[in-house]
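Pasting the structures in now, so scroll down.
Below, subunit A partners subunit B and then partners subunit C, in two separate complexes.
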Partner chain A sequence: MKVTVLQENLARGLGIVSRAVSPRSTLPVLANVLVASDEGRLRLSATNLELGITCWVPARIEQEGSTTVPSRTFSDLVNTLPSDQVLLSLDAKTQTLNVRGGSSTNDIKCIDAQEFPPLPVPDLDGAVQLNVADFREMIQQVAFAASTDEARPVLMGVLVQVEKDKLTMAAADGFRLSVRKAALASPAPAPLTAIVPARALVELARVASDGNEPIYMVAPKGRGQVLFRVKDVEVVSQLIDGTFPDYQQIIPRKYTSRTLVSTAALLKACKQAEIFAREGSNVARLNIKSASSDLQPSEVEISATSEETGKNETIVEATVDGSGVLIAFNVKFLREALEVIKTPNVALETSAPNAPGVVRPVGDEQFLHVIMPMHLG
Partner chain B sequence: MARTILHLDLDAFFCAVEETRNPELRGRAFAVGGRPDERGVVASCSYAARQFGVRSAMPMARALHLCPGLIVVSSRHKLYSEISEQVMAKLRGLTPLVEQISIDEAFLDISDLDEAPERLARRLQAGIRDELHLPCSIGIASNKLVAKIATEVGKKAAKGDAPPFGLTIIPAGEEAAFLAPLPADMLWGVGPKTSRRLAELGIHTIGDIAKWPENELVRLFGENGRDLARHSKGQDERSIVTERETKSISQEETFARDIRDDKSLEKTLKEQSAEVSRQLRKNNLAGTTIKLKIRWPDFTTLTRQTTLPAPTDREDEIGKAAIHLMRAVRKSGQAVRLIGVGISGLGPPIRQLGLWNVESEKSRKLQEAVEELQEKYGRNIINRGR
Partner chain C sequence: MPIRLLSSEVASQIAAGEVIERPASVVKELVENALDAGAKSITVSIAEAGRKLIEVADDGSGIASDELALAVSRHATSKLSKADDLFHIATLGFRGEALASMGSVSRMVITSKVAKSNVVGSRPTKAGARIKVEGGREGKVEAVGAPTGTVVRVEDLFYNVPARLKFLKTDVTERRAIDALLTRYALAYPNVRFKLSEGNNVTLQTSGDGDRRAILAALYGVEVAKQLLEINSDEEGPSTGSGLKLSGYVSPTALTRSNRKDITFFVNGRWVQDTPLTAAFVQAYHTLLMVGRYPMGAVFVEIAPEEVDVNVHPAKAEVRFRNQNRVFGFVQRAIRRGLLAYAPVPTVTPGLWGSRAESSPQVGLDWTIAHSSDQLSVDSDQLEDVSRESGVGQPSDLQPSNFQTTAANKVPLLRLIGQIGSTYLVAEGPDGLYLIDQHAAHERVLFEKLMAQHDMKKIPSQSLLTPAIVQLPPASAKLLNEQLSILTHFGFDVEDFGSNSFRVRAVPSLFAGSDPSAALRAIVEDFEEDEAPLQNEIEKKLAARVCKRMAVKGGQTLSPDEQRALLTNLENCDSPRTCPHGRPTMIHLSVEMLERQFGRRGAR
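After this line comes the complex of A and B, so read on.
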């Protein structure tokens, strides 16, 4: 293999795929990046067997070939080369890759490409087509609510459902639930239900930075995989096996109190409360006060106390429809939900101190977030 | 360095509080506690009632039998806690080294205070009497053990139906001589069982224990024997544990014979977890870090700990974690000399409610029901299957 590639293109490509490298695997080749000539471009791939990322970068191919290069060594080296042409030439017999850039020449010991696990070649027929910007926003609004607890693998994923021209994503960690819907530009050829690891979606959102290209998503039947392609990047992930809990039934249908507040003001109050709450059990108390009469302004008092650091109390103006309530939440959960809400006002619906609270952006029916309160003992 | 420890015990505390609220009770035979027709027991009784043989923890029905004119006053625990807090605040005004051991008892380390112990004690008694209208007894000695026994001795010496207002000071060096004539069961760690075994050996007083060689006591009573030997000579090095330092709750047991059986060890861990859980709930606390302590027959001691994602006060969660830790360090059938469970990372029992965890809420309800029964009818009435 003999290839010439621009330093910035190579560095960007390595930056994208290196997130799927698994440096501490028992399979040494998984710590490497596959580098291969591919129809006039250079293909870079990495996988940890659960998540695989491939990126194609423009290159001048003088001689076809492929190998796998230790990711860390290769990335660190390329990042220090001058922004100019980089020449890669492989000695196939010794599996040594010579990397030349500027005035430096380097020989990196590689592992034969034969040992690299094959990544699926997608058939994009029947793929669901999505707008990148929408898709990234959906991931951002949902994936954070997924669990990191390996005891319940299903909850480490995001439920992705496609039905006609409707796409829904939902994630829950047992204490909170995030649901986001979106309309597809064109109806999907077949319905789809899959549990995609939250981590894969977060990586996808990171690599799909260009807002104008569409994302294609396809989950071939019976393969247990989902594949996303955006521009010159492909992300393939194993799906999580199992049944996602029926989340519809935990979304409260009614409330006794609906509190309208400025998203920014409530978020700021939560951030302040968290400074104290994080020292203890992360609990913030929300004292939602009912209005003295209809149409009167009211307020929410947010407070947190720590044995060690002290305490905080913030009053946020609100319009409270219904009865007052004193309810406690993990303030981190509340803050994280408010951070992904784009509308200027937010509604918090509650019915009791031990019943789920629902956070909804005002004027946007597509998103909702459910948080279970904390019981104050 | 010699320390000076003051032990303070409020005299017939609940009754004294009731008297401040209802002066007509003063000097009368009355008891605070549950009603006799509800299997209530005496929580506290006035000194006049004690003349009739009425005692704390006695069934109220029996108390009424002994003292037919006894006035029964229902307990008002919230009030007692408030008053107790006022007393403790007053003590903390003297020194921060205050260890509250129950609603009406505390230790103070007064070693570094300039005032002479006797003067300080008299001033304290007068202050609590004048400001809060409560009588108290005080014992002062070079350690907690002797100070507490001094208070008891002072209280017992009082005759008649007035509060004792005892003050007993044991100068440093006279601990053993002071304890020697006292009955053996006044010593900490001597319950009815140990007391019986001691009596069989012809041991009746603390002085009798002090005369036995330590290694004999260890042979007879295990680890507890070592404490018996030291305590009987008036030796006790435990320091004052102020509230901030109460950072863990634990239970441990040294077996009379090494245990190899997995099932019995797991049963012991579950029982200990139940007790830890009981203490957590009594103190309105929950913890996050579960610690296992295990000692092999050769005395090597290991501790292993695990941190839960959320604070707990539940015996099943504590027990599960402890058993898990034990399985990780111990081979099945391996002999164990001592085993114990502890919990730290204590805080208020705030818990995150779950979207689906119906199971843990069920378990919590079960535990609450069990506890209610135990409180009403005694600990052995019902227990978790072990």
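After this line comes the complex of A and C, so read on.
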């Protein structure tokens, strides 16, 4: 293999794929990046067997070939090379990659590309076309609610459902639920339901950081995998096997009290409460007071108490529609939900201290977040 | 056979059987009499483990010669006059049965002289008096010369009850029973001089100067005695005079026994074997000892005589308390408090790390206990004198000079170094290296947090998005049903869902990160084997069990932040040194030990 590539292209490509490298794997080749010539471009791939990322980099191929290069060594080296052309030439017999850039020449010991696990070759027929900006926002609004508890793998994933021109994503960790819907530019050829690991989606959101190019998503039947392609990057992930809880049932149908508040003000109050609540069990109380008279306007009083630290109390102006209620939440959950809400105002729907609370952005029907309350026994 | 009245001889032998069943019972009755008589010195001599002869001599108040004949008859006593007196007994004996019982099953000689100051009336007593009783038949009282006090000689015990004689154990056993008995009385009355001898062989001798630790050495051995922790506690009662007092010596957590036999209780100076009291003692060590290990120690409880009924057992080995729960709780709290005040970290015995470990690689690390020398309230000089006088132990062994010092109770501020084997944390403290078992440590942290929240009646519980349905085997389901109310106290919201399944709707927020059904299962697993007499204990057991399941496991890699948080939380624990099941959470390798091992402080 003999390839010339621009340093900045190579560095960017390595930066993208190295997210999937597993440095502490028992399989040494998984700590390497596959470097291969591929139809006039240089293909870089890395995988930890659950998540695989491939990136194509423009290059001038003089001689075809492939090998796997230790990711850390290669990235660190390329990042220090001058912003100019880099010449890669492989001695296939010794599996040594010579990397030449500027006035420096380096030999890196590699592992034969034969040992690298094969990544699926995508067939983009029947792929769902998604808008990058929308999809990134969806991931951001949903993935944080997924569980990190390996005991319940289903909840570590995000439910992705496509039906006609509607896309729905949902994640839950047993105490909260985040649901985001979006309309597709063009209807999907076939309905699709898959549980995608939250981590894969977070990586995808990172990769698809710029541009207006669409994301293509395809989940070939029976393979247990999902593949996303954005521009010159492919992200492949294993799907999570199992049944996602029926989240529709969890969303309360009605409420007795609807509180409208400024998103920023409530978020700030939550952050302040969290400073005190984090010492204990993250409990913050929301005392929602409806207007009793002209002198007593409706408001939300957020308070947190810690045995060691002290206590905090913040009053946020609100429009309360319905009766008041005193309800406690894990303030971290509430804060995380508010952080992903883009609208200036937010509605909190509650009905009883032991019934779930629903957070909705005002003027945006696409997102909702359900948080289970806490109570002090 | 026609029914007929038993002859008085047979009747008295039957009655005697309840009080006098072995030589040790004779010693007990006589020593108690001596103590009741205010003796300052009690000398017990035995021959052939007490079968041939038991002689107890005291310097107490003595028995007047004209009362001597009365003293040996049944139901004759000076300690009690009306039935009401039974409810505030301040003496060890009170039934007036002991001498009569002994007299009916042996050849007994009582020699006694009343101290001058004790004489009532004008008739001066020049000499003592003596009476012989043989198989229940009283002889004449004759005047003899004698020192002040009483000497009771019991010869040929059970000579006329061959059946009883056959049931005596071997000499060694009987002798040990006498030893144990007298040692315990010596412990309870450190101001009385005790001496026990068989022939020329003195087996116990105390100085009577009030120092108990030397007597402990005789009872438990020198090594153990010097480790025992001294505890003292008082509690006011609801009214004056109803207060409780407790003092004694208890074992530190590293010193354990495989049974409860070495737990000794004295109530108002009386040695009693009381199951609830022993249970209270053991419960004080709850979560601090490994399963199947028991503490040891001697505890003296003082309580107003009205609060305790001693007249429930022929040999008075059992007592009843008017308010058993109060006494129980008090004993448990007092011991627990004393224990937590010391709570040392196990220290690795350096020897096993050196060359000796190579020769026997199978040898596990041995534990010793790091004490603070000032906590052991032993005046070594005094102790030395006592031991020399009384011939107990080797004085040099009792010097607490080579004790290592560690701060009590809390762990010192620790600096995290890292995690090894994904199982242990390594940390540096001001006094050396600490190895911490992450699972045990986390278990302790969760347990204390949960119990603290529980005690404040404020366990935050987190509702579940979707209730978890847990299906259990029928037996477990039944058990869980009985414990549902306790679970509610701990922040669970569990309801019976029919056909052995349960619906979990909320869990304590402490466990919110993990699987709720695992928490529930942990509670009922192996529950069958438990016998838990007290509500409080059930709760603690449940809590300990859930915490065990919820704690991080060995083999789980923790991020540096998690490791640091675990250390900080452990530092804040009340008893950070053991997990709730009693396993140690940490091993301490002192700087001195490391220096020795590296040869910086001369070769060992």
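In this text, the second predicted complex is superposed on the first by the 371 of 377 C-alpha atoms of A that agree within 3 Å, B and C clash if a C-alpha of one lies under 4 Å from a C-alpha of the other, contacts with A are read in each partner's own complex, and residues count from 1 in each chain.
In this text, a residue touches a chain if its C-beta (ideal position, glycine included) is under 8 Å from a C-beta of that chain, and two chains touch if they have at least 3 such contacts.
The model shown is predicted, which means the values in this text are computed figures rather than measured ones.
Peer 1: With both structures lined up on subunit A, is it a clash or a fit for subunit B and subunit C?
Peer 2: clash
Peer 1: Mind working out whether A:254 is in touch with subunit B, subunit C, both or neither, as first, second, both or neither?
Peer 2: A:254 contacts neither subunit B nor subunit C.
Peer 1: Which of the two partners, first being subunit B and second being subunit C, lies in contact with A:373: first, second, both, or neither?
Peer 2: both
Peer 1: Based on the superposed arrangement, let me know which partner A:221 touches: subunit B (first), subunit C (second), both, or neither?
Peer 2: neither
Peer 1: Choose the clashing stretch of subunit B with respect to subunit C from the list 7-15, 25-33 or 79-87.
Peer 2: Stretch clashing with the third chain: 7-15.
Peer 1: Can you list the residues of subunit A that meet both subunit B and subunit C?
Peer 2: In subunit A, residues 149, 172, 174-177, 245, 250, 280-281, 283, 328, 330, 354, 356, 370, 372-377 are touched by subunit B and also by subunit C.
Peer 1: Inside the complex, what are the residues of subunit C that reach subunit A?
Peer 2: Touching subunit A from subunit C are residues 453, 457-466, 488-491, 506, 509-510, 512-516, 518.
Peer 1: What part of subunit A is in contact with subunit C in the complex they form?
Peer 2: 148-149, 151-152, 172-177, 245, 249-250, 280-283, 328, 330, 354, 356, 370, 372-377
Peer 1: Flag every residue of subunit A that touches subunit B in the complex, lowest number first.
Peer 2: 149, 172, 174-177, 245, 250, 280-281, 283, 307, 328, 330, 354, 356, 370, 372-377
Peer 1: In their complex, what parts of subunit B are in touch with subunit A?
Peer 2: Contact set of subunit B toward subunit A: 284, 286, 309, 311, 347-357.
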